[in-house]
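Have a look at the structure below, then the notes.
Just so it is clear, A, B, C and D label the chains in written order, and each chain counts residues from 1 on its own.
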Amino acid sequence: MTAPSKVTAENKSINLVVNIGGIQMKNPVTTASGTFGYGSEYAPYIDLNRLGAIVVKGITLQPRAGNPTPRLAETPAGVLNSIGLQNPGVEVFIEELLPRLAGYDLPVIVNIAGETVQDYGRLAARLDRAPGVAGVEVNISCPNVKQGWMLFGSDPDMAGEVTGIVKANTGKPVIVKLSPNVTSIVAVAEKVAAAGADALSMINTLLGMSIDVKKRRPVLGNVVGGLSGPAVKPVAVRTVWQVYREVKLPIIGMGGIMTAEDALEFILAGAAAVAVGTANFVNPRATMDVLDGIEKYMTEHGIQNISELVGAAQN
Amino acid sequence: MLITDAEIIQQDEILPGYYRVTLSAFLAAIAAKPGQFLHVRCGSTLDPLLRRPLSIHAVNRERGEISLFYRIVGRGTALLAGKRKGEKVNLLGPLGSGFTMPVGVSAAVVVAGGIGIAPLYFLLQELSALKTCADVFLGASTSKQLFFTQEIEALGHRIFSATDDGSVGYHGTVVDLFEQNPAGRVYGCGPAGMLKRLSQVIKQNELCGELSLEERMGCGVGACLSCVCKTVNEGNGARYSRVCVDGPVFPAGEVVWE
Amino acid sequence: MTAPSKVTAENKSINLVVNIGGIQMKNPVTTASGTFGYGSEYAPYIDLNRLGAIVVKGITLQPRAGNPTPRLAETPAGVLNSIGLQNPGVEVFIEELLPRLAGYDLPVIVNIAGETVQDYGRLAARLDRAPGVAGVEVNISCPNVKQGWMLFGSDPDMAGEVTGIVKANTGKPVIVKLSPNVTSIVAVAEKVAAAGADALSMINTLLGMSIDVKKRRPVLGNVVGGLSGPAVKPVAVRTVWQVYREVKLPIIGMGGIMTAEDALEFILAGAAAVAVGTANFVNPRATMDVLDGIEKYMTEHGIQNISELVGAAQN
Amino acid sequence: MLITDAEIIQQDEILPGYYRVTLSAFLAAIAAKPGQFLHVRCGSTLDPLLRRPLSIHAVNRERGEISLFYRIVGRGTALLAGKRKGEKVNLLGPLGSGFTMPVGVSAAVVVAGGIGIAPLYFLLQELSALKTCADVFLGASTSKQLFFTQEIEALGHRIFSATDDGSVGYHGTVVDLFEQNPAGRVYGCGPAGMLKRLSQVIKQNELCGELSLEERMGCGVGACLSCVCKTVNEGNGARYSRVCVDGPVFPAGEVVWE
């Protein structure tokens, strides 16, 4: 019922292939975890095979019910969410959801979240044995329930520890997803790199909240939530710029990418790949529009290989 | 499940703050089922950012037209109301599950609170096409907000009105009115409080019913898990279902009210 | 040439007076430093006397030329700036600019910035002797040139040290302005409170950047800049909410306030006063519109005293 | 220095991507001086957020109308171009210093590059009202972009054209053309590169001149210090002046070019 997916007149002289810490992607466009479900939700709107990779909704060891509603609040050029990692748990994921992506020709990256350092190790080990997993993305913006509910990602050492245990439990590429809610994202990135991460993705959401002035209560059932969408783009581009200068790992950039121009900002700042998140809600074809636009930009500017653009604004 | 730039054929202010817009969207009109909704891009800039879910209110398949009936609540609906004939509106849909059409003998009963008539009117259109006559319970704060009564009667249905101020019909809520003689296969839409009460009445009288729910939505396609409501889970209490794809229409007995 | 300033039918039953660490304000609406010049720029558009207080552009010991242009970039629902604290220095400020505000009946709060801890002390001492200064607002989002250019505000201890020296050098109320670019704004607020601050203001801008994809260069002459405007509001409201719970100091809330509703979000989260910043650029009468809207809200909701609303969403 | 919701009287696409809009803004029209600008709210939502500075292009004081002449560059100007007759546009201004009108004998010479004619046309209107005849050097990429030649001639001024592609007039830049016979009191507006070259020619030939500059603006009223340009500072090199209130018109000799 959807428009036939546009088969691009693949310009043979353009090379879009990127390698993210061992994951070979046919182009740099992927999806931001939690905004694209488990992939099949968007299959009616786009040809999933055209994606460079797919990053699925965060998975935990046990099933999680998630947070009370409302879970979403619109803010100026942004969205606050507090889904609370609702997911059926890693077993159901592997048995029921993962097979749905088997027919597609694209790397599946599984986003994982834990409540303890051990959780991350167990998740990594379980997914290492699962067929059809190209790599894991480690969401460290979760509270460490054993250590005063401090977020793993807010402390460089804890972030390094989580990275280490994941690496120890899987042979697959490990991407660590950084939180912007820190004094120095470079300090976190350095520890994560030292602990063996193969790639970084950034940024996760900014901590925010909204208040309903009529009800005089927070809008979100969970009080605070994560801010995403165009509003956060300047912060996200800045973090990519900073980390690219100091840490020699490939970066998947995200945060407010709506268009190819937005994606190119991240790439020029230093991202080797980009993820489209909140934009999918506004435009289910956003990933395809971003991809087409990047190709167009490269053709118009005579860029043969996407790698020529990565970090090019730094020079 | 289309993305369409649909042209506005007509935009009417039915009552201050209440609008009906008719859009040219051929394929969506063909595909639409009562109870489904469209995810509407009310603006064109990054503010407001998200689409707005609006029920399919009426369909004219021959002309390929879909109507929406909406109330100005905030910026999104205000922007939509500001659009004129000839302007385009980006639509995603039809989305969601629809109402189950009544089978066999059970009489169809429609219970609508205020703007809740929006999706139910399309259901009444379809029932009429099936030569099924429904009892329509309409509730509103005041008589002026009892919408489309003539059109509903013209479709061959019977109306029972209730107003909070007693200006027309029963003086009280529409659920109170329905409760006086509860029977039939119920289709309900309206504010959460009203639906909660209605589901109790349905349960107490061992009726069958379907309710159309509302929740804040991100994607509209089941991917973001923001639009959930609690539903019964065999065995262990409640679980979260997605209003956008598992609903917005749920069997009355499945919804767990807080 | 401007419309006559609207004399509100001062609803006698409404009490808008707030006290910010010893500064008595006739209402909770003030201006965000750097967005309102030295006050007189907006005198053609509004009646300055209706403001609760005025916070002037940041002042340094020595004159500063500021950063290269472009100094401003528009972002989704936000603005990036890198003015670089252009100002004529404290002496010229006291001699030439401060007297221009002498005729107005409103507290003047002077925003100060230093390159060393000592700078802050000297600025505080110099302003303590200046007539017409109601208090100082300490901008700690500046690099400490003696300690590796780390921002004073990014380290709780340095923030406390700056607060201490300012307090030691002035008898006037000291408001410390917090930066959101930290892992824990509460930790900074606690140190600042312990060091004697009389009030807090928050937030300063978020660190961000934009890239011009045509030129493949950062948009700002200074590469990175500070993000302000509606885009940051959810982050700002969240910081006010968090700090209000833990630190018992009055808060001036700011970050993206365009309307009275926005201001009320901050007040309900815990701000005793609010500052209007970027909104002045869009609507030179924004401060007045915010004030009128707060009064209207109070009248409509039967609120007698603005203090009833402060932190009311926390209950 | 007013804030006005001005109604659009007329909006014309002069050439693809180039628009002239005429607005009803009585007090602003009365107050306007050539060289001043309006800070225009092109949208109505939070995106785009900031106003856009646009020069006052023409004024009809009797009718209380102000015209702007602008090129679509990005989202702000595109939104403005999308507005139709009858819609309102919020204006802040007139803002900034204007051109100094020529006194005594010195002949007025206008040098405009492309869209740079925008503020200079208003100057030519005023010169004409003062019965002063100017030599107008118009430069553009190609002949079609030599705007308002008939109107300028009708005001009694003399035109000298230059095009980059040689399609009309001198084949080369407008500054090259002017340099062939540099004289008079110069009023210049155009791209930064052109103005830099023009200021060199003015200096070398010991002429007097005024240039209208552009810089990204926040407030437009001198409060935010974002719109600065380098100007000469007696004694110690350069200092930053605010284009919005110290300019946008500066004596040619005062601007320090990088």
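The rule is short, and it goes like this: contacts are C-beta pairs under 8 Å (C-beta built on N, C-alpha and C of every residue); 3 or more make two chains touch, one makes a residue touch a chain.
Only a predicted model underlies this, so the values are computations on that prediction, with no experimental measurement involved.
Novice: If you tally the C-beta contacts for C-D and for A-D, which one comes out higher?
Specialist: Between the two chain pairs, C-D has more contacting C-beta pairs.
Novice: Taking each chain's centre as the mean of its CA atoms, how far is chain B from chain D in angstrom?
Specialist: Result: the chain centres lie 54 Å from each other.
Novice: Could you give the separation in Å between the centres of chain A and chain B, each centre being the mean of its C-alpha atoms?
Specialist: Whole-Å distance between the two chain centres: 35.
Novice: Based only on mean CA positions, could you tell me how far chain A sits from chain D in angstrom?
Specialist: 46
Novice: Among all residues of chain B, which ones touch two or more of the remaining chains?
Specialist: 46-48
Novice: Can you tell me which residues of chain C touch two or more of the remaining chains?
Specialist: 76-78, 229-230
Novice: Quick one: do these chains touch in a line, a ring, a star, all-to-all (complete), or other?
Specialist: Shape of the chain contacts: complete, all pairs touching.
Novice: Can you tell me which positions in chain C touch chain A when the two form their complex?
Specialist: For this pair, the touching residues of chain C are 75-78, 80, 154-155, 181-184, 206-211, 213, 216-218, 223-224, 227, 229-235, 237-238, 241, 256, 261, 264-265, 268-269, 297, 309, 312-313.
Novice: For chain D, which residues are in contact with chain B within the complex?
Specialist: 43, 45-48, 75, 79
Novice: Could you pull out which chain C residues touch chain D in their complex?
Specialist: 1-3, 34-37, 41-42, 44-45, 57, 65-66, 69-74, 76-79, 81, 83, 86, 229-230, 258, 278, 280-285
Novice: Inside the complex, what are the residues of chain B that reach chain C?
Specialist: Contact set of chain B toward chain C: 46-47.
Novice: Give every residue of chain C touching chain B within the complex, in rising order.
Specialist: By the definition above, chain C touches chain B via 76-77, 230.
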